[in-house]
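Letters are used for the chains, namely A, B, C, D, E and F, taken in the order the chains are written, and counting of residues starts over at 1 for each.
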């Protein structure tokens, strides 16, 4: 088991590719995307009624090497600033295999 | 307004199901049609209306009048956002005003379909009540221009942010991405694509797909409007954030823009069927293609405003009272 | 039981697809119809049966007999939970007994639809084999009363918890929320709403939606019963937690309650078609509206009991053997 | 980056609004809801077959100011007690933007 | 190739919608049909083709020729993976070679349906252009054998890993699980089950479900192929990982295997309709049942290879150019 | 509130039952499964297009007694090794109820 950073980004479905591009560029090795979520934040509720698919929320989960975490969070910051959403960083251990 | 027309409209199955949806939501029923059911239904409706329009387009002879109708349609879609923007600036910031303006310049395909359905249910003896297949092309052409105009307005009138370390967001608009969103939005692609397919398949092809794309169409519309009723009514609570001025815009812009559509139709000398659809296209507001594009290009605009106005006010008004009202006006003018 | 009727029933496409689903689940195939497909199919079925029932209701002349049938239906739905509760208390705690009682008082729309489908497939020359549109109204009226009775029983007979710092859960029932769940559950709203819409649209309206709501109905039922077969059989494993007494109740209550329905039908002098549907309504158990309400009002009842019994035992028994059995009895009594 | 509490609540879909009401009342600033989950717990499995939509499980994720976390957990406790489910509280850092 | 046939094929609605999907994906439109819509559509198509095949099977008289066709079908499905495996070993490791081989031995139901649809659209006067219901049975029989052969090849030719503490993965194949996946995969169950149901329901049963399972079939195929076009074109980018040798296999194996199918059909003396379907079954590659089984049994094979080749190359080639090409060859040979 | 280990396993939908079997055997008391995710990892992207349902990704979340966590991770290791995926272990507190 080795220590990793657990990065979790809540973002509109239409902007998921911006987040995954950051992760790929940073060479974190992988990520998982949860779809079909909804939520509320500073900019009001994002209703999940989906008349407009434009309001689906996704969550991108990435376990990454602690050495790379700072570069990733720096690269995520402008995306979150411009398009909204939330980024969280926590600690976890990776089950080696 | 001709009250008989109003009653006729309110008693079509589609509008009754819309009412059922509204009622269920108001009574706080837990009824929902979860995604991707609405997505499937709306793709179906766009595909079916596109195919049928394409087939009709080939059946009719093209001519100068059709070209002029299409031109008028695009002109309306591009002009409405401009005057709306300046009117709205009175109350809203640049980003919100631009987004609302684009919303009202573009169109609502379901409003169009509901009007078409209503015309059909009238069973009117006059063939001029039957709209032409080119009206679907007009709808397709009206989806995107308002998006481009709205984004141009937002860019042109935005002031650089004073916050030093933030690059002004407007400067970073990715135009490639935006054009893709405006002209290649899923809804636009299905509609335009099906229209073209409809033009290519010929009568035999149409016959082979009609049991899917034509026969059950009105029933599917009922199911979709049930969902639209739920969705629209559940947003009624968000209206208080809009304030009376915006509410007024949402209520009054529909007949005002529809009047422009009727005027254009009258000048071009088209029949009442085409005129009603042009009125409805001008008077309706988008809640699919435009919000998707605004998320990308004007992310600081508040969807709580533009989607709510379009979905919870303009859409229900148009499909219930608007359609018979516009037809009353048309019959009065044409007759 | 009339074996010909049984074979006729087992060879309808819908029942064959149910069997296919059961077989696939038993053989541990990975076949599933993920959500929201079953939701879409069940909304479709409720909407279609409601619309058709409403149209038929208008076609038939209303009368005292219809009112009495509806009354009998509501009476059965309210009475069945009472005697079931006291019987079940023998083995179960108050919460579980109340939830199972409510489940068996309410109805299964798909069982009703399957019985209706079976009657239709018989093509019987006697018009009294054709059930009336008011039977759909009877079904709609039977969904909710059992919920209310069940919750009242749970409240009335529950003992305060001894655990000092927990307020007794029963006292906190939010009746507004519960009534909403009982009478405005999504399934109830679609059924009742479509029934009313069906009464309002007239023959022209029905014709316009029939290619959606009537023609493909039996095919959609096949697809839905395929899923029901999968779902029911995958719960068979949970039966061991129920124990033989509850299993016995799940097996025997169906014909017992159906006999009450047949008796009521016989007293009212209705035709065999109506009688079969009343039998099936009385004998069937809910797995949609009631569980949803029990989650809110009696959260300490175990859905592993009431949903499993209803879905994995009573439902399959009713649609395969129950329907022909009840019709055999009816033909014997009526004939 | 500032420290936040990461609150995660597993709850039946029909009870999500009770949880979000608690969060709104506590003024946590936002939350995200994951839908379409299923699970097993003390009260047996909740099958995702969805014949009855009543058995869908949701997960509510909320990043909140540590000062507010205790109030939130206290308010969640009776909901979890009555309707079942799970509440977890962990640590994370919030990517400022 | 007969260019008229090619144009006829390219102008069927289904192929035009496939093209629309490809175009939308290439232009980077955001159009998608999210799950479970494609799942619903594919279950519908399998159910409909199975039912119809079963009904046709009962209508036709069984005979030795039918038995021989079925035998030839199974033979092809079992033999193709063997020679493909050894050819592919030239470039690929054991696991990947076995998975690709199994993929190409099995079949693509949508390719079969598209070919059937094409035959129907020709409206050919010669009844031998009408394929028999047993061809659906042939398809059903060809889904699974290639999976078993592929896994046997993978096991037999795999070398034990040198990595000491890892037990060699091959030895741990759970055969029960694998057989279940091969023969009870959801797609196989729906197809075979519907075929059997179709054989049991008789003409009256078929009539009752035909408005669902037959009339709208071609329209649903359009919607499904729209999605397939999106999905296939979005995988085009993954092709660069495959390399030219694999690309060559994906392109050339289709006509090569189709030629085997045509040869078998010619030897058996069947009509052009049956021959085309056998060609298409032999020449098509799986992207549903086989990948699902390979995930379990040969998890170290890279789906980026076998799914991409099958979905982004062989499938589009077959449904656009392959079908008319094979029919041209058949008409030349038969004529 | 008591300390628990928060175990999170990303795995193909077809292999979820192997993971839940491990959790049941270890007697952890419950778990929650998120469906419909997608991701990228060592073995390339798992496209969510779902032509083949075989490429759906699930995430299994389990809050468990720290004393049981090691046994669980050991039992998960061979599954992850053979079928791919990711296992993460973090810390959290459980809202008692």
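Operating definition for what follows: contacts are C-beta pairs under 8 Å (C-beta built on N, C-alpha and C of every residue); 3 or more make two chains touch, one makes a residue touch a chain.
The structure displayed is predicted, hence computed values, not measured ones.
The minimum number of touch steps separating chain A from chain F is 1. Shared numbers divided by all numbers used gives the overlap of an interface; between chain B and chain C this overlap falls below half, so the copies present different residues.
The greatest centre-to-centre gap from chain D, using C-alpha centroids, is found for E.
Relative to the C-alpha centre of chain B, the farthest chain centre belongs to F.
Here the CA centre of chain C is 34 Å from the CA centre of chain D. If you average the Cα atoms of chain A and of chain C, the two centres end up 45 Å apart. Along chain A, residues 14, 34, 36, 48, 81, 90-91 each make contact with two or more other chains.
Of all residues in chain B, those that touch two or more other chains are 30, 32, 35-36, 39, 186, 215-216, 292.
Considering their complex, residues 12, 14-15, 36, 43-56, 81-84 of chain D touch chain C. Chain B contributes residues 35-36, 39-40, 43-44, 47, 51, 180-181, 184-186, 189-190, 193-194, 196-197, 200-202, 204-205, 208-213, 215-216, 292 to its touches with chain E in the complex. If you check the complex, the residues on chain C that touch chain E are 11-13, 16-17, 20, 23-24, 27-37, 121, 123, 215-220, 222-223, 226. Across the interface of their complex, chain F is touched by residues 8, 10, 34, 36-42, 48, 57, 59, 73, 76-78, 80-81, 86-91 of chain D.
Within the complex formed with chain D, the chain C residues making contact are 32, 35-36, 38-39, 166, 169, 172, 186, 227-228, 230-231, 234-235, 241, 287-288, 291-292, 295-296, 299, 302-304, 307, 311.
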